[in-house]
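Both complexes below contain chain A, partnered by chain B and then by chain C.
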Partner chain A sequence: MLAVIGYGALLISFIISLYAIFAAIYGELKKQSRWVDSARRAMLLTFPVITVSAISMIILLVSGNYEVAYVAKVTSDSMPAYLKITAFWGGQAGSLLFWSWLMSAFASLVMLRKWDRDREFLPWVIVVTMVTLAFFLSLSVFFENPFVRTWWTASGPMVKQVFQPAGGLMYVPGQGSGLNPLLRHWGMVIHPPMLYLGFVSFVIPFAFAIASLITKRSDDRWIKITRRWTLWAWLFLSMGLILGGRWAYDVLGWGGYWAWDPVEVAALLPWLAGTPFLHSVMIQEKRGMMKHWNMFLIILTYGMMVLGTFLTRSGAVTSVHSFSQSQIGPYFLVFTLISVAGSLFLLFYRWSSLKAETKMKSWLSREGLFLINNFLFLIILFISFWLSVLYPILSEIFANARVSIGPELFEKLTGPFWLSILILMGIAPMSAWRASTAKSLGRNIWKPAAASLPILILLPIFGVTNIPGILTFWSVLFVIFVTIYEFYRGTKAKVRTSRMNAFSAFNQLVSRNRRRYGGYIIHIGAVLISLGIIGLEAFQSQTQATLSLGEEMALGEYTARFDDLNIYYTVDGTNMQVAEATLTVVKDGKVVDFIVPRVDYYLESGQPMTIPGVRSTMEDDFYAILVDWEEISTNSATFKIYHNPLVNWLWIGSIVFILGTFVAAWPTKEESGY
Partner chain B sequence: MENNENVAVKKNNSKFIIGGIIILAALAFLFYMTTENSMFFITVDELYERGDSLIDQSVQITGAVIGESIAYDSETMVVTFTIAHMPADMELLNA
Partner chain C sequence: MKKFQIISIFIIIAVSLIAVGNVLAQEPVPTPSADEVNSIAGNMFCPVCENIPLDVCGTEACEMWREEIADLLILGFSEDEIYEYFYERHGDMVLATPPLKGFNWLMYIIPGVAMIIGTVFLFRYLKNTTKQTAAEEIEEKPSEIKDPYLDKLEEELKKRN
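Our next item is the complex of A and B:
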């Protein structure tokens, strides 16, 4: 019954979204606002209706209703309730429904804003968001229906559909297959929803941009309205990427957090387009420039978002994320091509109405440096797109060779551009809008630059010879000094003009310029993340050995002693065989920790999960993996150990990064009406 | 006046030409680096066909790893296993 209710609600929401598109276009063309209002109400209605569908799915999952094929595929009796809810987005059909649910929530939210000043945008925002929603709903309704059940038919073959075929008997498996063990991790509980939130919320600025193009607006109103939407979208996307990295570090057991897997890249691409967009819109707001560019960037972000989803689900590129592949790829590709081509056509059609109000006077001005930042991000985007998507596909089409590219080339080719972005983070905040010369910029920048330069001499003296590492350490220090200097200068000026104490002056400075100072906090987060990345990329070391009980293996300053191996079967219903080793970690002759690397073997699915034992400090991580063991004697086992310097700064930087985005996105009094 | 305009146009043209050459060179470099660092996905049959030409190259082979054949030597830390060509070897495996 619940399956029928869920599917019925899905079908109704699809029809409602089609109606909203029709009513909005008809109302706008006939200038009948009641039709547009009706479309608005229809758009608002999609959320409660899809919620019925989503809640039906959650109840089916939690209650272990295996008559529904999706429930049988992604859950099992041994899974706890929270993982059964997580299974909602643990497979293809469920994640598409989840996506539509989030999309409808955002669509409804945007409909609840005050539209008095921007009435002309309304019908076209409805059309763009509802076309996107209708497309995703159509995938669920026609191709990846999460509510189908399995039936034995009278003629023999089994069929999957919601309703009973004539003479058909329902097939209900006694037990479900269970969620992929690799997805049973807290990072994986939050990682996909965050990515989806990032993806769907980028639809809103895109919808306003298209509405602005259609209505021939040449001002920055669409940017002002969507500024916070964009920041939230960017925050969600960033959090999704970070959590995915954390999951890989904790669960995949290879000592790293990012492997440039095509699906990882697919999630990174919209971020690489959205980040320059966030910077570039400031140029339009301040200087009335870059109007074409901003339109292009938001179209690119939207296109990358849909393309990313296509890549994850089509199997067009080979990836470890293959659990969500299916035959819906071609539909995604057609939708991506039509939406991007249509948007670009509209942009070129309106090209002449988007002329810049002023010209750029200097490449050293804030706008000039922002533009360089944009180019750097787009170069990284192009390289990533080429290596992970375009080249493998072209190679298969023209050379009939299926290929993939390893992470080393990504790092080699994009590394210099990442470093350049890092250095720009230190320079751009010190440059002025409009006119800025090398002399004026030098005057602003010399103090933090001079303070950071000694590290270039000190590091080689202390034995650090890795050039990219040294340059990264310097740029990290440089950006931190610049940012502290900026806060200091602003607070000092405030104290001088307002006679406040330093604390109140600082507080007022940040609260009245949240975007600017939030941005600086994000920069601090980004450089701390860089510290973690370079620590791992440039200074990671590893070794592997087979040890008997009591034997030791050494790596750098660390020694690990194999003290115990415990093999047991779980009795809490998780149905696993667990192999758990105890290693005593010794540093400089002192016992500093005991770590327990383990392998969980899921008996239902026959899949192992390697969970590292980690000693984590601000200085480094000592990361051990249990590779193999002798089950009968438990006397010897093979371990792989990694020394990961500075990696914790990656996670600390991520928290700072998120806090900064909160500060920047928090509305000021003037923005509360948006 | 006209001369000045001609000079400006020539300057712009040369900027475009230099910019174009740099972009083309960068793309050529990218293409070269990509082809040099590609890893092939091949089938078991293709592996036999290509023979020695694949020595020292990174390849990923499509097939089914036969579970019983997996052997891990803890001394040398080398894993050996047999891959079946799917679906051609399916009947053989089921026999």
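Our next item is the complex of A and C:
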């Protein structure tokens, strides 16, 4: 019954979204606001209706209704309730429904804002968001229905459909297959929803941009309305990427966090388009410039978002992350092409109405440097897209050769651009809007630059010879000094003008200019992340050895002694065989930790999960993986150990980064009307 | 006949002794360490396990490939010869960095071309727009974000410089 209710609600919400599109267009064309109001109410209605469908799915998952094929595929009796809920987005059909649910929630939130000042945007915002929602709902309704049940037919073969076929008998498996063990991790519980939230919330600025183009508005109203939406979207996307990295580090057992896998890149692409957009909109707000460019960037971000979703679900690229290949691929591709081509056509059609109100005065002005920042991000985007998506497809079509490109080439080709962005992060905040000369910029920048330069000499003296590593350390220090200097200058000026104490002055400085100082905090987070990245990429070392009990293996300053190996079956219902080793970690002759690398073997699905033993400090991680072991005697085992310098700064930087985005996105009193 | 038999036995013993001598005289070939194997396997993918580097993949197929790498090292293959060996048998898919051959040139050329085109466009745009601005001395558009505090702060900072 619940499956029928869930599917019925899904079908109704699809019809409602189609109606909202029709009513909004009709009302706008006929200038009848009651139709537009009706479309608005219809859009608001999609959320509660899809919620019925989503709750039905959650109840089916938690209660183990295995006659529903999706439930049987992603859950099993041994899974705890919270994992059964997260299995909602653990498979193709469920995640599409989840995507639509989030999309409808965001669409409803937009509809709840005050529209009095921007009434002309309303019908077109409804059309764009509802077209996107209707597309995703259509995938669930027609191709990847999460509510289909399994039936024995009278003629013999099994069929999967919602309603009982004539003479059919319901097939209820005694047990489900269970969620992929790799997905049973806190990072993976939160990672997909964060990515989806990032994706769906980027639809909102895109919808306003298209509405602005259709209504021939040439001002920056659409940017002002969606400023916070964009920041939240960017935050969710960033968190999704970070959590994905953390999951990989904790679960995949290869000592790293990012492998430039095509699907990882698919999630990165919207971020690489959205980040320059976040910077570029400031130019339009401040200087009335770059109107075409901002439109292009938000269209690109939307396009990359849909493309990313397509790549994950179509089987077009090979990846460990992909959902199984399904028939929705071609529809996704057509939707992506139509939506991007249509948006670009509209942009070119309105090209002449988007003229800049002012012109750029200097390459070194803030807007000039932002433009260079945009260029660097887009080059990285292009290289990533080319290497992970386009080239493998072209190679297969034209050269009949399948290729997989490893991280080394990505890092070689994109590394210089990442470093340039880092350095620019130190220069741009010191440059002024409108006019900035080399002399004025140099006067602002010389102090933090001079303070950071000694590291270029000190590091080689202390034996660091890796050039990209040295340059990254220098730029990290440079950006930190610039940012601290900016906070210092602002606080000092505030103290002088208002005569308050330094703490209050600092507090007021940040709270009254959240966007600016939130941005600086984000920069600090970004450079700390860079520190973690370069630590791992440039200075990681590893070794592998087979040890008998009591034997040791060394890596750098560390020694690991193999003390114990336990092999047992779990009795808590998780149905696993666990192999768990104990290693004593010795550093400089002293015992510093005991770590327990393990392998959980899920008997239901026959899949292993490698969980590293990690000794984690601010300086480095000592990361051990149990590779193999002697089953019977448990006297010997093979370990792979990694020394990951500075990697914790990646996670610390991520927290700072998120905090900075919160500061920047939190509305001020003046903005509360948006 | 007897003479022939004696000579034959003598030859066999002599050849055997030479062969044994040769074997004993050879340097023992060391078994490659797991690290040596992994440093090569880390630059390869197994076609069965999509996008998982060969050095960390736990499947039986990948284990066999790692053993094959170890065998090739024992036979005296260099790192490049091992890549070539797998490339010839399994194609581009096995190498994390596909070789610069034929169609693969595009993989390297296109990013370079894109970067050059992008750089030319960017600098032409910046050059043209700043040149025009200098000539026109255009009227500044006042900032649309009215923040008197920010203006005051900027003013104060300017004074201090």
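Just so it is clear, the second predicted complex is superposed on the first by the 671 of 674 C-alpha atoms of A that agree within 3 Å, B and C clash if a C-alpha of one lies under 4 Å from a C-alpha of the other, contacts with A are read in each partner's own complex, and residues count from 1 in each chain.
Keep in mind that, in the parts below, a contact is a pair of C-beta atoms (placed from the backbone, for glycine too) under 8 Å apart; a residue touches a chain by one contact, two chains touch by 3 or more.
Owing to the predicted nature of the structure, the values given are computational and were not obtained by experimental measurement.
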Output check: A:Pro262 vs chain B and chain C. Expected answer is one of first, second, both, neither. What do you get?
second
State whether A:Gly27 touches chain B only (first), chain C only (second), both chains, or neither.
neither
Which chain, chain B or chain C, ends up touching more residues of chain A in the combined arrangement?
C
Touching partner for A:Ser395 - first (chain B), second (chain C), both, neither
both
For A:Ile383, is the partner it touches chain B (first), chain C (second), both, or none of the two (neither)?
both
When the two structures are overlaid on chain A, which partner does A:Ser362 contact: first (chain B), second (chain C), both, or neither?
second
First (chain B), second (chain C), both or neither touched by A:Asn513
second
Chain B versus chain C as contact partner of A:Gln544, first or second or both or neither:
both
Partner chain(s) touched by A:Ser636 [first = chain B, second = chain C, both, neither]
first
Using the superposition on chain A described above, determine whether A:Glu408 touches chain B (first), chain C (second), both, or neither.
both
Let me check the overlay on chain A: which residues of chain A are in contact with chain B and also with chain C?
318, 383, 386-387, 391, 395, 401-406, 408-409, 413, 544, 546, 638
In the complex, chain B touches chain A at residues 30, 33-34, 37-42, 58, 60, 72, 74-75, 77
The chain A residues in contact with chain B across the complex are 318, 383, 386-387, 391, 395, 401-406, 408-409, 412-413, 544, 546, 628, 636, 638
Interfacial residue positions of chain A with respect to chain C in the complex
220, 253-255, 259, 261-262, 285-288, 318-320, 357-363, 368, 371-372, 375, 378-379, 382-383, 386-387, 391, 394-395, 398-399, 401-409, 413, 432-434, 440, 443-444, 489-490, 492-494, 496-497, 509, 512-513, 516, 542-546, 608, 610, 627, 638, 640
Contact set on chain C toward chain A in their complex:
33-35, 38, 43, 45, 47, 49-53, 56, 58, 91-93, 96-98, 102-104, 106-107, 110-111, 114-115, 118-119, 122, 125-126, 129-130, 132-134, 136, 138-141, 143-145, 147, 149-150, 152-154, 156-157, 160-161
